[in-house]
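For clarity, chains are labelled A, B, C and D in written order, and residue numbers in each chain start from 1.
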Amino acid sequence: MNVASTDWNAWVPIALALPLVSFVVSFWMGPRYGWLVPLMATALLLAGWVCTTVILVDHSAGTSHFAVPWFSLGTDVIPIGWWLSPRSVTMLWVVYTISLLVHVYSIGYMAGEGGIARYFAWLGFFTFAMGGLVVSSNLLVTFCCWELVGLSSYRLIGHWHQQPAAGAAATKAFLVNRLGDIGLLVALMLLWSRAGTLDMPALTAMALSEETKTAVGLCVLLALAGKSAQFPLLHWLPDAMAGPTPVSALIHAATMVAAGVYLFVQLHFLFSADALAVAAVVGLLTLFVGGWGALTQFDVKKILAYSTISQLGLMVAGVALASPEAGFAHLFTHAFFKAGLFLGAGALIHAVSRHGHAPQQDIRHMGGLWQSHRLVLVCFAVCAASLAGMPLTSGFLSKEGLLLHVRHHSFYFGVMATASFVTTLYSARMVFYLLSPTPQAAATHPVPAIMQLPLFVLSVGSLFIGLSASPLSIQSWWPVFDAIESAPWVMVVSLAVLVVGVGVAWRLYRHRPTATLHARWVPQTWLDAAQKHIAVTPALQASRLTHHADRRWLDGVLHAASYGYVTCSFVIGWVDRVLIDGWVTTVTHAAKGGGKLFRSLVNGKIQSYLAWGMLALLSFMVWMLYQLAHR
Amino acid sequence: MIATHHIFILSALLLSVGVFMLLTKRNAILILMGLELILNAANLNLIAFNQRYADALAGEAMAVFVIVLAVCEAAVGVAIILQAYRHYATAVPDQISELKDPA
Amino acid sequence: MGLLLLVVPVRFQSVFRMAALVVGVAQLILFALLLASFDASQPWHGLEQAAWFSIDLGTWGKLQASYLVAVDGLSVGLVGLSVLVLLLAVVSSWHVQENIKGYWSLLLILNGSIIGSFCALDLLLFYVFFEFMLIPMYFLIGIWGGPRREYASIKFFLYTLAGSIFILMGIILVYLSYQDPTQPAVAHTFNILHITNPLQLLIDSPLYTADATLGSYRGWTFLLFFLGFAIKLPAVPLHTWLPDAHVEAPTAISVILAALLLKIGGYGLLRFVYPVLPDAAQHFSPWVAGVGLLSIIYGAMNALASKDLKRLVAYSSVSHMGFVLLGLASGTSEGVGGAVYQMISHGLISAMLFLLVGVLYDRTHDRQISHYSGLAERMKPFTAFVLIAFFASMGIPGFSGFIGEVMIFLGAFRAAELGIFGLWIAITATTGLLLGAAYYLWTIQRMFFGPFHSRAGEHNLVPLTTREYVMLLPLAVATILLGVFPQLLLHYINPFVQAFLVSFSSLTD
Amino acid sequence: MSAADYFFYGWCLVMVAGLWAMAVSKKLIHAALGLLSCLVALAGIYALLSAELLAVIQLMVYAGGVLVLILFGIMLTGRLSDKPMRIESRNVAVGSVIAAGLFITLIVFVGPAFLSVTSTGSPGSLRTLSLALFSEYTLAFELAGVLLLISLIAGAVIASSRQS
C-alpha cells in the first residue's frame, strides 16, 4: 500500500499539537506554578481554536488528504495523517470551540480546587485526542484516539478520586467504553482482513460485500453504543456525572459521546441495510429510555445526562433512518445547547452549593434564583428551548431536518414525533423547577463573569443565528439540505407537539411535585442490575472459578502427581532395598551361609565332621536305594 | 512271634537317636552314650535276624563280640575323656581344639 | 565484537554490586555500539564462531558443536531489552543485604546466560545457556525469596527442567536430520543457520517426511518443542509455576523472570521451531492459537480474582504471553511481527509493573490489594507510574502494549480470513482486552482511589527515591516511545519477519 | 496278639522313654538313667527273642559294666568342673534333620524289605550258642578276650597316666 500524501496543511498539526503541549506543560509546571496552568492552558487552547477556525474557513468545501507512514507491518504500511472534509473540519471546530469555552469556564469553576494542573492537563489531552479522532485518515489512528478520549474521560470522571463514587463511575465508564472499543477493534480487524486497508479514503472507494458490511456495521454499532451511550450500554453516562461539571459539558455532552455518532456518520458507507436497521432500533430505544430516564430524575446533571442519552439516540436513529448529514446537523446543534445546559447547570450548582458540603444538584432545591442569577437562568432557558426544539433555536432546525427526512415513513415519523414530545416534556419540567420563585434557604454565591461568558456564548450559539438565514427552514443552512423539499405539515406537527408538550408539562409540574419515583422505574437501576447479573457477577464468579481451578485443580493435579511420584519413589526405594537388594543380600547371605556351611567341613569340630559324614552317608544311601528301587 | 519289621523300626529308632546324640550333644560322655545306642541298634538287628536263620547262630555270636567291643570302647573312651578333661578342664568337645586349624 | 564480553561476565570477587553495575553499563554501551553498526538489511550481525568441542563417534560421524553467536532483527531487540532490564535489576537490588557475594555472582551468571541464549546460533549452545539460566534462578528464588520460596523454587525448577527435557529431545531429533554442507565429514549439525535451511535436510533422517500431522516425526518434534517452550512461555495449563515463582521471588528476580525468561519461550519458537517445522507449525496452528486464547482469557480471569498485587501482575503476564502465541499461530507478517513486538513490549511493561510492586513492598511489606485505599493521595509520582504501567499493560494506545496487541489482532484476523484458524478464536481473544482493563481498573479503583487507608500505616509511604526514579523512568519512557514510534523497533523486526515468512512459505508451498 | 507281643511293646515303650530322656534331658544323670532303661529294655527284648545268653550278657556287661563306667565318668568330670552337669546341645536342627532323615530312609527304603521276613521261630538255646562260640568261633572269641584285656589295661593306663 502506498501512502498518499496530497495536501499538507500546517494548521492541522499545529492545532492538534497545541492541546498536547498544554497537557505536557501542565503536568510539568503543575507542582510549582499551579496558578499559571489554567491561564496557560486556556491560552494554548485559544491558539488552537484560532487554527481550527482557519482550517474551517479554508476547507469549507472539498476534501484533502495527507498521510505519512507511521509504522510498517511486513510490506504493509500503516499511515498516519488527516483527511479533511467539510464535516470533519466542522466537527474539529466544534470540539475546539466547546473545549475553549469549557477551559474559560473552568478557570472560574475550578478555582480553589485541588489538582487543577491535572485537570487542565487532561482537558488538553482530551482535546488533542478528540481532534485526532475527528481528522484522522486512518482508522487505526482513529481507534487510538478513540481509546485515548476514553482514557481522558476516565481520568476526568475520576478527577475527585477521593470520592469512592467518582472512582467507581470512572471505572464503569471506562469498562463499558472498552467493551465498545472491542467492537471497533473487531470491526477494524475485519476490515483489515477483508479489505486489506484501514485508510479512510481507500475504504470509501472500495466495494465491500454486504455480509462484510453487516458484520463491520454491527461491530461499529457496538463501538458507538459504548461511546455514545446507546442502549444497552448507556448506564455509565449518568454515573459519569460524578466528574466536574465542565467535564460533563465537554466530554459527556458535546464531544466525546458525540464521537460515536460522528464515527457512525463517517463510516455510514460501511453499513449495510441490515446494520442500519439494527442501528435505528437501538437509537429509537435509546431515545425513549433516555427520555424516560430524564423524567425520573431530580438531579439536574442526571436529567441532562439522560437527555444527552436521548438526544444521542435521536442522532443515531437519524443517521440510520434519515441521512448522515441530518444526524450530523443535530450533533452540531446539540453540542452547543447541551454544553450550554451543562455549563448553566454548573453555574447554578455553584450558586447554591455551600463550601464544604456536597454540591447541591437537586432541582427541587435550586429554585428562587431569578433575582440573583438572571443571566444564567436566561441562558439556561434558551439552551433548554433549543433542546425542546422551540422555533428560532438551532434545535428546532436540526430536528426539523430529521423529521423532514423520515416524513415518508409514518411509523418512524410517529416515533420521532413522540420522542420530541418527551423531550419537550422533560425540558419544560426542568425549566419550570429552576425558574420557580421558591426562596433559597441560604445565601447564594454570585457566578463569576468568567463563567457567565462561555455560557452566554453557548446560548447565542443555540439560536438559529449563524446557522440559517431563515429561523424556520433547514434548507438554507447547509447545501446538502437543499435537495430536500420542504413540507409545511412537518413543521406544523412539530410545533403542535411542542405546544402539547409544554402544556402537559405545565399541567404536571406547575406545582413542583416532589415525590420521587420508585427506584425500579429509573432506567439506571435495571441497567445496573442487568450489568451486574449479566456481566460483572458472572465474570467475577468465573474468575474465582478459574482461580480456584488454578490453585486447586491444576496445582492439585500437580501436587497429586508429585505426591504420587514421591510415593512411587518410596515404593521403588523399598523394592530396591528389600527386593532387589534383597536378592543381593540373599545371594550374599547364601554365599556366606554356604561358606559357613562348607567351612564347617573343616572347622575342626568332630561333631560337624560327623554330621557331614552322616549326611554323605545318608545321601549315598538314599541315592543308592532309590537306584535300587527303580532299577 | 514278634514281627521282624517292628524290631527293625525299633533298631532304626535307636540308631537315629544315637546319631542325633552323637551330632548334637556337647558333652563327651553323652556322645559316648550315643555310640552305645548305635551299637545296641546293631545288636538288636543282629539278634532279630538271627531268628530268621536260627540254626546258623552267626548273629548271636556276632552280637556277643559287639558287646565286647562296646565294653572295650567304653572303657577306653571314658579313660580318654577323663584324661582330656584333665588336660583341657572341659568335657565339651568343641573346646578341644587341637584338631582345628588355628583360626 | 563485544559480544564475547556480553556473554561471559567475569565473576568479581570484591565490590560486587559495583562490578555488576559496571558490567551492566558496559553492556549498555556495547549494545549501543552494536546498534550503531547494525544494518537491518543484513541477515546476521556480529557473527562469531569458534569450535567448541568435537567428539568422534566412529561410524556415527562426529558430534560437533561450536560457539556460534550473532544477532538479527529478532534477537537485537531482545538483547537490548535484556541489557536494559538486567541493568535495572541491578539497580533495583541495590539494597540486598543477605549473602551479597552469592547474590551478585548468581545475577551475573544469569545475565550471561540470558544474553547468551538470545545470541546463540548453535542449538547445543542455546540449550546449554537455556539450562544455565535455571540454576542461578533456582537459587535466587530459593535463597532470597519470600516465605514459600522453597516450594516456589522447586516448582519452578521442576517445571522448567521438564520443559528442557522435551526441548532436548527435539534438539536431538533435529540434530540427526541436518547436515553441515561445509563439513561433509561431520554428519550432523547443531548450527541454526543450517537447520533452518530445508536444503540441508538429510534424506531418510527422522524429519525427512512430508507428513507433519500428529504421530509423524515432524509432528512429534514440533509438539516436543512446543511443550518445552510453552512451559517457559508459559501457556495455560502449564503456567502454575509462574505465579508462585513471581510471588516468592525478590523484586529484581521477578523482573528478570517476567521480562526476559518468559521471552525465551517465544524466542525459541521463533528462532528455530517454526523455521524448521513450518508445515507442522501450520498444521498445529489452530491448537497453538487455542492455547494462546486459553492463556489470554484464563490468565486475565485469574488476575481478576487475585488478591495479591504481585500475583495479579504475574497472571497478567500469562495473559499477555498468550497474545504472543496467538500472533505466532497466525503465521502472518502482522501476527509474527506483533508477537516479537509484544514480547519486547511486555518485557518493558512487566519489568515496570514488578518494579512498582517492589517499590510498594519495600515500604510496607504488604501486597494485599485490599489493605490499601486512596494511595493516589499520598504517593502521587508512584501513582503516576502505576497508571502508566497499568495503562500500558492494558493496551492503551500510545504505549507499546497497544502496538503489539493490535499487530497480533491484525495477524489473527487475517489468519482467520485465510482459514488458518477459526474467526471465533480471534474475536474471543479481543475480550482479553476487556478483561485486562477490568482487573487493572478495579485494582486502581480499590488501591488508589477513595479515601486514604493503608494497613501498614502511612509513615512508611516515603516518596520515591532517586534510585527508584532511575529504574522506573527509562522503562516508562521506552514504553511510550515504542508506543508512539513503533517503527523504531519494527525497523529491526520487519526484515526478520520477512525472512521468517519466506522460509515459512517455501516449505509449505 | 500273644503275651510275648505285649511284653515286646511294653519294652518298646520303656525304651522309647529312655531314648527320649537321653535325647532331650538336661541332666546328665537323667540321660544315664535313660540309657540304663534302654539297655534293660533291650535285654528284655533279647529274652523275648529267645536269645537268653545275650539278654544276660546285656544286663551284666552293659547295664552293670558299661553303665557303671559311664557313671564313674560322669561323677569324675563333675567333680572336676565344680559345675552342675548340664547338658548342652548344639546344632539340634541339623542333628535332628539328619537323624530323622536317617530314620525315614531306613523305614521307607529298607523297612519294606523285611515285611515279608518272618521269623522261623526256632529258638536258639544257650547250649547251642555256647557250643558254637567255643567251636566255630573260638578264634574270634579268644581274640575278643585279648582285645578286652588290652582295652582294660589301656583304659587304666590312659586314665591314670600323668601329665608330664
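Assorted remarks:
The definition used in the following text is that a residue touches a chain if its C-beta (ideal position, glycine included) is under 8 Å from a C-beta of that chain, and two chains touch if they have at least 3 such contacts.
Predicted model only: the values in this text are computed from it and were never measured.
Judged by contacting C-beta pairs, the busier of the interfaces A-D and A-C is A-C. Separating the CA-averaged centres of subunit A and subunit B is a span of 118 Å. Averaged C-alpha coordinates give centres for subunit A and subunit C that are 32 Å from one another. Centroids built from CA atoms put subunit D at 7 Å from subunit B.
Of all residues in subunit B, those that touch two or more other chains are 19, 23-24, 94.
Those residues of subunit A in touch with two or more other chains are numbered 607, 611, 614. Residue positions of subunit C touching 2 or more other chains: there are none. Viewed as a contact network, the protein chains fit none of the simple shapes, being neither a path, a ring, a star nor fully connected.
Inter-chain contacts occur between A-B, A-C, A-D, B-D.
Partner subunit A is touched in their complex by these residues of subunit B: 19, 22-24, 31, 93-94, 97, 99-101. Listed in rising order, the residues of subunit B touching subunit D in the complex are 1-2, 4-10, 12-17, 19-21, 23-27, 29-30, 32-34, 36-37, 40, 43-44, 47-55, 57, 60-61, 63-65, 67-76, 78-83, 85-87, 89-92, 94. Within the complex formed with subunit B, the residues of subunit A that make contact are 602-607, 610-611, 614.
By the touch rule above, subunit A contacts subunit C in their complex via residues 69-76, 140, 143-145, 147-148, 151, 154, 158, 161-164, 166-168, 170-171, 174-175, 178-179, 181-182, 185-186, 189-190, 192-194, 539-540, 542-547, 550, 554-555, 558, 562.
Across the complex, subunit A is touched by residues 155, 158, 237, 240, 243, 298, 301-306, 332-334, 337-338, 374, 376-377, 391, 396-398, 402-403, 406-407, 409-410, 412-414, 416-417, 426-427, 430-431, 433-435, 437-438, 441-442, 444-445, 448-452, 485-487, 490, 494, 497-498, 501 of subunit C.
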